[in-house]
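Written out below as structure tokens is the structure these notes cover.
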Amino acid sequence: MVPRYSRPRMTAIWSPVNRYRIWFEIEALACEALARRGEIPEEAAKIIRTKGDEAMAAFSDADVARIDEIEAETRHDVIAFLTWLAEKVGPESRFVHMGMTSSDVLDTCLAVQLTQATDLLLEDMDILLAALKKRAYEHKQTVTIGRSHGIHAEPMSFGQKLAGHYAEFARNRRRLEVAREEIAVCAISGAVGTYAHIAPEVEEYVAERLGLKAESVSTQVIPRDRHAAFFCALGVIASGIERLATEVRHLQRSEVREAEEFFHAGQKGSSAMPHKRNPVLSENLTGLARLIRSYVTPALENVALWHERDISHSSVERNICPDGTITLDFALARLSGMMEKLVVYPDQMIANVESLGGVVHSGEVLLVLARAGISREDAYRIVQRAAMATWTKLGTPEGRTFRENLEADPEVAQRVEKAVLDDALDPARHLRAVDQIFTRVFG
Amino acid sequence: MVPRYSRPRMTAIWSPVNRYRIWFEIEALACEALARRGEIPEEAAKIIRTKGDEAMAAFSDADVARIDEIEAETRHDVIAFLTWLAEKVGPESRFVHMGMTSSDVLDTCLAVQLTQATDLLLEDMDILLAALKKRAYEHKQTVTIGRSHGIHAEPMSFGQKLAGHYAEFARNRRRLEVAREEIAVCAISGAVGTYAHIAPEVEEYVAERLGLKAESVSTQVIPRDRHAAFFCALGVIASGIERLATEVRHLQRSEVREAEEFFHAGQKGSSAMPHKRNPVLSENLTGLARLIRSYVTPALENVALWHERDISHSSVERNICPDGTITLDFALARLSGMMEKLVVYPDQMIANVESLGGVVHSGEVLLVLARAGISREDAYRIVQRAAMATWTKLGTPEGRTFRENLEADPEVAQRVEKAVLDDALDPARHLRAVDQIFTRVFG
Amino acid sequence: MVPRYSRPRMTAIWSPVNRYRIWFEIEALACEALARRGEIPEEAAKIIRTKGDEAMAAFSDADVARIDEIEAETRHDVIAFLTWLAEKVGPESRFVHMGMTSSDVLDTCLAVQLTQATDLLLEDMDILLAALKKRAYEHKQTVTIGRSHGIHAEPMSFGQKLAGHYAEFARNRRRLEVAREEIAVCAISGAVGTYAHIAPEVEEYVAERLGLKAESVSTQVIPRDRHAAFFCALGVIASGIERLATEVRHLQRSEVREAEEFFHAGQKGSSAMPHKRNPVLSENLTGLARLIRSYVTPALENVALWHERDISHSSVERNICPDGTITLDFALARLSGMMEKLVVYPDQMIANVESLGGVVHSGEVLLVLARAGISREDAYRIVQRAAMATWTKLGTPEGRTFRENLEADPEVAQRVEKAVLDDALDPARHLRAVDQIFTRVFG
Amino acid sequence: MVPRYSRPRMTAIWSPVNRYRIWFEIEALACEALARRGEIPEEAAKIIRTKGDEAMAAFSDADVARIDEIEAETRHDVIAFLTWLAEKVGPESRFVHMGMTSSDVLDTCLAVQLTQATDLLLEDMDILLAALKKRAYEHKQTVTIGRSHGIHAEPMSFGQKLAGHYAEFARNRRRLEVAREEIAVCAISGAVGTYAHIAPEVEEYVAERLGLKAESVSTQVIPRDRHAAFFCALGVIASGIERLATEVRHLQRSEVREAEEFFHAGQKGSSAMPHKRNPVLSENLTGLARLIRSYVTPALENVALWHERDISHSSVERNICPDGTITLDFALARLSGMMEKLVVYPDQMIANVESLGGVVHSGEVLLVLARAGISREDAYRIVQRAAMATWTKLGTPEGRTFRENLEADPEVAQRVEKAVLDDALDPARHLRAVDQIFTRVFG
């Protein structure tokens, strides 16, 4: 993660202070549970909570430094934190972390951080979905050319394009919700997950307070298939970002110019090279998508830890957990802003639809001729003749449109009424299902 | 996919005949829907259905050859099939495929094949889950050593280990169900998804008959985020296979020998080198997991098709759809068989638990001393003394067990009753939560 | 690998018969070496060679079936082959494979197959390079627009574009040569690579005859970093294929139409929808590139085998070795054909260069004004004025070109001679270094 | 990249100050070249060099802040730097960057940074190779068991194991040298690589002074196949790190204990749980290897930029260039230290060799019996009998070693001399080629 591609709210989740706050919360809740079970004094749990809350409220860089100092000595991050906590809490600190293992704290903390992060991502998603929906409705009746293979196929509603991306991101939102459930689990189960030194009820108590579920069976750690599934969801979302970004990049090409990323008035180079408005946001999003996708494979490789755990996953997660969520948060926000402000050129869209002289309507004309009782072979021959006549002289002085060529064809004139032909050549007919589609997508 | 790693039922799903049957079914259902809407004659739809069903029932290699022959000429697989179908159906064939696009057939067919494949995978999963459950209950009370970092940590139930893998595969089963929903969609929407030449109701009719949902908004194709999510699920499952395979490979090491893959009586080399029973199944599964995981990235790269579609995803899917499902089917079946027949050596497990002289109990002894009122520092010093005495003479004639060293320590003798010490040193205490864990996992 | 994307010469390398021929060659050479060392009778080696050669020359499907039959019983492929060979060679077969391990045969055979495959790929490369060079020279003076971000930047030679791809594939050819060296190694070193039962000199003898180098130190296997490096080279080449394919896809877009894949006269749909010439070859190549790249990660994961080897890499290699080389062979051949026959439209290229009214020359005009002594700020203001005047009225009746707007600007008229302005606005000036570039690239 | 896994020398390469120094150097060298060609005044070039050198020598955080401030306004990093430089250089700054494009500076700078980084990595490699060589020679005669499939196979020299890893890293070093050549290229060729505004000779001058080669043909950027190949090399090296780390993790398992990572005296938990020395360094290296490998795919995806460049690769490279080199530098250093200090237990190695009663020698005994004229079938039966007798009673009071069982076998006693049997059962015979191997590896 580089600062250039991060936003403060998400970055804060991965800060030391947030981590220590969560660690303390886990320890304090475990003490409460132990006290309720009579395994440690009620009074001790209260003091730990009170003094700990105070310490966390007053937490400053000096505390981070102090913990780092202890860690440099003990080479153990959780012990360093507990030692610092003992300095703040006093003798009752001996009841802290009883029967627990470092991983109980670390893995549950990661679960909390990932759920916090996912909640921000879900907010990002909602903003993006709102932007897409707004633009989709705005351009529900805007005719544009649909393209397969980069080649003009048939006209369609530009709003439908956006509705398609909306539908994809709505699916992505659901995937993210499922991913959140995957990782919203708590494990306080000891060295190899047997609860030998601490009862499952403590885990259940802590889990409930933290809004997590207790892991049904853990080893020393929460199984990493959960985290792998989480990163897979991020990878799928990133690919959806790339798809929309690729669409915008195409629309902004010099030859297409159907839409443009909003361009800051003062942005350098805008006026001496007025054509040089580069789709840098969508290109950037394309790159960020590659990054986010790249976290999937190491997350999958993290699953097969040896026996009850090894620590190989740790260095991977120290990178991909912050980087994955921070980068996706940034990308979603950038994409939302880009789509909200996307400059759309409906006139250019129409111009492009018409640029091939109307041959994009050949498919519908074929059907019309067939319905008029002309055999498939003859219909094909007629349409082919008109289309080739249009195509080969496109842009030349003698050029005639597909309509003109059809109307000049006696076989057509005899068999097809003008109104029927008009309808077949009307781009609007390609929008006739757009209401139904919008109802399906937006309800 | 290589024949060595495939099973007939899954391979059949990807055979030409299955594909052509599904294609015909889609076309026939679309004709029925069009007939109901009065867009083609009822009689025509019936003839298409009847003659087509006959042709499909009699379908042979000769038909495949005939279709291939037509395709060699037309360079278009769907047209080749429709031409062949016309030869079988007669003049009513002119009503087949009306208003449809090749992708309508191809993508919907792929959805059917993937759901058929997933149904087999779900069956595989159930067999695997049953095997794991059976072996977990069988070894619920079998004591083994839990290991972190490959180092002995604390004893645990071998059944709990298996329960952990069961729980992971139960999650994987749910992921597979979700993945099935992802790809169980039908699209019959035309060249760019506008329904310009065919009504959405036809799509809905076909979808319902095929047990699919109609895609809310398609382009020319069903959006590829669905397929990407599908392959992600396969990748997560593959990683779970690798985790269990890795466990078995470790257990079968010459120095560990706690379990072994079942070894065929006649398997070569078994008796002149009786120790050389290699965990070849689990090693093979490790490799297959790598393969299955490798399909995730290209599936993710397939999402960002250009505009309403390009065809770049096609060659990828021609490979990874059969290979992914065939390989996973084979791997799950191999894993089930391996786990069902896994030879477990409980005596060797106990021997390994005891092999370090009992120092694996130091954690619990520390807690016992603390509960006996000894300060944390003193408790640590006492345990350290006994553990080091045990460890440094391990395997030597003067060697004494951790228990012996503790009992010989006056500080312990004074403060800790024998029964308490017994309990702390009893591997069985690490199984005390196993009932609760099994209830969580198996209900 | 699917038949659709494979060519016979490469497929043959991965056929059973080729594998068995190589196996026999390795065994026969090892016998010769052992005979020279006096470890087996000279006569035996001769008989093995003679009878084996005969058997291999007469090798038929019946032999494959016989070997399969034996393997079904022994569950061991090399033993099955040796048993078959013994049936052909007679009693002297007892001297075959003496002191050797299956991996000696298997890994050395794989090395031979991969070098054979690479030799074909190098031929493919040469054909591709020849095609690119030919087209580059053909279009050395063809002016086209250079684009950054998909936006017109400055004119350039279309031949230079192709020269850039040539240079990339020339680098790729060198990478492939290096990759060939990586895997062209022989190992005949026994169960854990100690030569305990066979002398290193045997390995050296066999290696030399097979055109391989002896592995300096093997375990039971040739270390897999070599194969990983090989597949990395394939992945880089695949990405180069994708880059060129992406260029063609862009050039063929309906709005750009600067080039088109050659379109078969009889190709379906070509004339009723004359515009619908889809860049299906380059799209297909894009997908194939994804496939080839996907083999990189499992190849990298294969490196960390346990101790002196485990067998996890085997199932991976059974797939990616044939699939990787067959797919790349097919892709390179398809790309060569596509580039050889690419239809180029220089007029459309010029039309596109001019389509923005000449503002693509603003960069050079800025430099011209600066050289004429105008301050950077003033120059910028002047160019900006002319460019904006051009841009905002582009395509309207009042539209004037950038040249017209500049010539109408008194500040320009006073300071810049017409000839200088002509030169600045001449697309040809962007070709002035093309000779130097071609010399660098083609020598 | 997280600070925890980075070292200062490498991090400094990716600092703003290093980047700005290189930018200045490129600009200053380009000015010199232009002055030599008479395109800008000699005096101007000198002033730029002198004042710029002063400014860079005095470069402080305040300068970084100033440049950031300008960039916030202009949204362009190179322009921000040039503006800052102009503030330092004065009016002659108007000759800076003449005819150049931002990418000329950025891409050439990246080349310099990557070569600097690679030089550090090559140093790391040399230290690692020295450590491996030293330990290999130290343990050239140390007998250990070779393992295939995690199962004891035959004895071997522990030094040979290390020599194998040495050989792999020697190959990796060469790959890194090749990778360095790949990216050590300079491009100063303008907006689309045509040298329209700056002569190729300027590029050649700058390249030579920077120790780079001029790119034969660039677009706006240096083609990204070079960077992809660079990251592939890093991925292969990372996999080699994982292989060695995996070996150590296995050797340190509680049941194997043949080697251990050096354990700090004060490292927490070392004495109350003396067995709990976890191979955390090698596990960490395993995770870091996953990270480094994960950069390969996005680097490959960066190759296919659109036309003469898009900017999608930029965000990827801002991450993977620093992260890849910093993480690999850290990993190589960690691995070197780990191997230098690895604690090896030769006695335990011997104990493990003997732990299976000698059946690991069955392969050699088979050969001995064959050489003694016993038929293959009989030899197999005899060895099988002795091996099974040994194996089935292993560890029981009646247990006898393989040697004892063989010596008690009359068929053996009659046919095989004791000395021959001794030799066959002597682990040392597996070291007889170790000199040759070392000569091959170390020269």
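Worth a mention:
The chains carry the letters A, B, C and D, assigned in the order they are written, with residues numbered from 1 in each.
Please note the rule applied: a contact is a pair of C-beta atoms (placed from the backbone, for glycine too) under 8 Å apart; a residue touches a chain by one contact, two chains touch by 3 or more.
Predicted model only: the values in this text are computed from it and were never measured.
Listed by label, the chains that touch subunit A and also subunit B are C, D.
Comparing the chain pairs B-D and C-D, the larger number of C-beta pairs in contact belongs to C-D. Chain centres here are Cα means. That of subunit B falls 33 Å from that of subunit D.
Remark: subunit C and subunit D have CA centroids separated by 25 Å (rounded to whole angstrom). Among all residues of subunit C, those that touch two or more other chains are 147-150, 153, 249-250, 278, 280, 283, 293, 297, 301, 306, 310-311, 363. Interface residues of subunit C, counted against subunit D in their complex, comprise 94, 98-99, 146-150, 153-157, 160, 163-164, 167-168, 171-172, 175, 178, 182, 190-197, 199-200, 214, 216-220, 223, 225-226, 228-229, 232-233, 235-236, 238-240, 242-243, 245-247, 250, 289, 293, 296-297, 300-301, 303-311, 363-364, 367, 376, 429-434, 436-437, 440-441.
The touching residues of subunit D, counted against subunit A in their complex, run 1-2, 4-5, 73-76, 79, 249, 264, 266-269, 278, 280, 283-284, 286-288, 290-291, 293-295, 297-298, 301-302, 306, 310-316, 318-320, 323.
Per the touch definition, subunit C reaches subunit A in the complex via residues 145, 147-153, 249-250, 252-256, 271-280, 283, 297, 301, 352, 355-356, 359-360, 362-363, 366, 380, 383-384, 387-388, 390-392.
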